[in-house]
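Shared between the two complexes below is subunit A, which has subunit B as its partner in the first and subunit C in the second.
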Partner chain A sequence: MALSLPSGLVPTEVAFLCEMEMITIVPRQRLESIPMLSGKTPALRPPRRADLPLWLALLLKKQRRANIVPPPWLLPASLQEIVHLETNYDPEAFSPPPPPPMRSDGRGVARPYATTTRSGNEDKELILAPPFLPSCTQDAPSGYLPYHWLEIAETLLAHAADDIPNAPEVRALLRDLQEVRAAKMRASTRHLEGGGGVLNIRGVGAMELAESRGFVLGVVDGVRKLGASAEAGRREELERGDDEDESDDDMGL
Partner chain B sequence: MDIDDILREVDPASQSIPAETRDLQALTRAWVSERSSPELLQYVHILPYPPIAPTTPVLTRRFPSVYSWPADGLFERINDRIKQQIERVEEMTGDMDPKTNFALIVIQTELERFKYLVRSYLRARIAKVFEKSIAATADLRARLSETEQAYATRHQALLHNHYLSSFLSAFPPTLQNLNDTAGNISMIETPDLDTAVFIRLLKETLVEGHGTDMDDDMDGKSGDIVILRWSDAKSLVDSGHAEVV
Partner chain C sequence: MSYYDIDAILTDAEKVPCKFELDIPELGYLDNNPAQPLKSGTTVGLPLWLAELLALANRAPSSADEEAKSFVSLNLPPSLSNEVMSALKADPRAVPLRDQSHNFYGLGTRMLDLFEEKEICAILRRTFVTRAADIALHAGKAGATDDMGIGGGEEFLRGLEEWERKLFKKAHDGAKGSKEWMEGVKKHRR
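This part shows the complex of A and B:
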């Protein structure tokens, strides 16, 4: 077959996506700018920090050409805050995603980083979304989990544990988070049984989605198929109801 | 790099996202959408923007589909760049300077990542062409690129000929077609458009969804992840208010 994977991103593909996230590094060697397909890399001059895609940062890290600066949300204090938020604030919802990054335009106006409009070129507006938002660089806000949090944290712990302060504690906190959130993800299916049309799961992570995609979508589709005849009946009734209203109006009742 | 480039780099007003990054975002989004949506989507490159007079207000312009964001020949551009990059790699392998050697490794790694994206995107599309006999319906044919159309037609012809020579020829002529719709059952397999999908909202918008017991709506904020039926999500995705995840 042309593609033997099921519909929807599988975890390895999510991991591939997360490697496009930008991350801050401290270079240990000079490296000239490299002309890449996704744009030129910044010239690396130790000890000036630079933002690079995660895959490149890991390559440099493995060759001991750079150290990785962990994103602020991966520090123990921030993770503790998020765990607190997840367990005490709302037993059903996930902790909120990071606010959209803003950037000054030099004239005193803060513009969202995500939208890129060039003057006179509005039709080419393209809204950036993860993994292209700078949610894992040193400027990222602490206390918020970005969309690719689990993958980034796992990768960094696996390949750059020496750059993360207090790695064992981070690992323990991440496990707590993972468990709390997995329970929420499972609980969210309770809303799906109700047969509502939309379900908002703001703040969920990419890997959590990939993990439970089959289950959640299976539940939704199963409920839909079971309730198909009831739904058809309800819609028919709605339509008939509208017609009756109109005829009532016509007769002036 | 001359003085203008340096000035542009430090001036925050002109600090927009580089075109290469935007292309990568567009390609990635097209790939994720194609992998996660139940039906075949419009091929990214054959949706040129209608020629727009510069005076037309933005809101009144009709956007054919969200997948036309990169309509200015995204695929051609990326393919050209990949070719150029391969040429560069070939040139660089010539000199054995250890300094350029590392740059070469980086370039080749990135090249492979790009090729993977393009390949996986095309394969996801071909898989859908295989599953659903898309060559049979005009509406779906229009979503294919030229090469994909040729491929789909040929695939369908090969398959039909094979069936004909192996067993269909024993049937009466009226039963030899592969696109019968007699008896309320169509032989043309169509994707289930009510399959649920996950979408991420990119702008604030009202989200409406059909459910079995009731129809819901909610005021969505940008960044919300929503589960709903593809038939409800499609218009949001097409208008650029949301993306499939």
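This part shows the complex of A and C:
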């Protein structure tokens, strides 16, 4: 315990990791493909959209060599829908994460969930697993918050606000969403009271996890310690019960 | 729990009421009566580590027909008494736990190991979880602005015991980290 590093990722680390997410841009200048450790970037031809990692997209944006296309879930209509879902539909659960890109059709064949509408991209390979799902490109489904929603949204609002339609409204909606979900996170620990020890955090984003990891783990640990003696007693009883059952079986035989 | 855990050591030093089951010479000073031996039946507050040993260890029976008995019989400390429990049952937030004991939950778990008290266990768990939600709320607000929520929260925060203080610190660190990043992302970048 000499090294008091927090368990898990801290917010700055999460923000760094989120820069690997792919995002769609509209280039303004030609740029040849760059070979990188993560693979080649697509060659940029001005009117044609391309997917780049967020860090590169931000760099090009800063140099005024590209415009960023905000992901569909970051548009005001989509955010309004999510806020509505969070507040009215289920006041306890978080809004669901984006659906997987493939689903089974019941006959053992996997079909793409939503067919891509973009033309000229048929040769692109379909990515099935996180963390490289195209959850923030223009193909992302609207109405669902991806894992890195808060970091992507904040970064885009800070550095590419002019590319986001109706940025002030988006900013206000994001604040609402953040507040609602933070309140849910705090309230969710109440479910631990019964001693189930299980917390449903489906749909919670990376930044939210980094923020409340210490607190939630602390509560879980505290409840576990408080219930340790009762748990030991219960187990003993269970074992005794098993023994009795066995002896009953023996009698029956 | 580590060997050097200061809170575990302090919990060990919490006094619990013990009733002596036999006369002990030369120990009268424990009961402010140095001239007399300590009478059996006297109740003295002993630190938890000592009380636990004395209550669990059996002494040899003095005669054949006598049963083996322990030196002292333990009682629940006043911080886990019925009054406190019913107050916590009524409203967990209204009780300043720190006034009861600095290591309230630590003491509680130790006592629950010794006594089988299902009700106290359930009440402690409910108290902890209910107060945890409040702690998170205050932790998110603290330090944000001077006028927001601090005035009303101070009373509550003063009543936090050690487990809850740690929880508060964890929750506060998390909120602080993400707030710092949010402010930083707007300023310095490339």
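Basically, the second predicted complex is superposed on the first by the 216 of 253 C-alpha atoms of A that agree within 3 Å, B and C clash if a C-alpha of one lies under 4 Å from a C-alpha of the other, contacts with A are read in each partner's own complex, and residues count from 1 in each chain.
In the analysis below, a residue touches a chain if its C-beta (ideal position, glycine included) is under 8 Å from a C-beta of that chain, and two chains touch if they have at least 3 such contacts.
As the structure is a computational prediction, the values presented were derived from the model and not from experiment.
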Partner chain(s) touched by A:G222 [first = subunit B, second = subunit C, both, neither]: second
Touched partner set for A:A77, first subunit B, second subunit C, both or neither: neither
Partner chain in contact with A:L59 - subunit B first, subunit C second, else both or neither: both
Which superposed partner A:L17 touches (first subunit B, second subunit C, both, neither): first
Which superposed partner A:L192 touches (first subunit B, second subunit C, both, neither): both
Subunit B or subunit C, by number of subunit A residues touched: B
First (subunit B), second (subunit C), both or neither touched by A:E32: first
Touched partner set for A:A230, first subunit B, second subunit C, both or neither: both
First, second, both or neither for A:A172, with subunit B first and subunit C second: neither
Contacts of A:I201 with subunit B and subunit C, given as first, second, both or neither: first
Residues on subunit A lying within both footprints (that of subunit B and that of subunit C): 1, 59, 192, 195, 213, 217, 223, 226-228, 230
Of all residues in subunit C, those that touch subunit A in their complex: 2, 105, 108-109, 112-113, 116, 118, 121, 124-126, 128-130, 132-133, 135-137, 139-140, 163, 166-167, 170-171, 173-175, 177-178, 180-182, 184-186, 189-190
Parts of subunit A lying in touch with subunit C, wherever the complex brings them together: 1, 6, 10-12, 15, 58-59, 62, 154-155, 158-159, 182, 185-187, 189-190, 192-193, 195, 207, 210-215, 217-219, 222-223, 225-230, 233
Sites on subunit B touched by subunit A in the complex: 11-13, 15-18, 20-22, 24-26, 28-29, 32, 35-38, 49, 52, 54, 58, 61, 63, 69, 72, 78, 81-82, 85, 88, 99, 102-103, 105-107, 109-111, 113-114, 116, 120, 123-124, 126-127, 129-130, 194-198, 200, 202-203, 207-218, 220-229, 232, 240, 243, 245
Sites on subunit A touched by subunit B in the complex: 1-3, 5, 7-9, 13, 16-17, 19-20, 31-32, 34-39, 41, 55-56, 59, 63, 97, 100, 103-107, 114, 116, 118, 120, 122-129, 131-132, 192, 194-204, 206, 209, 213, 216-217, 220-221, 223-224, 226-228, 230-231, 234
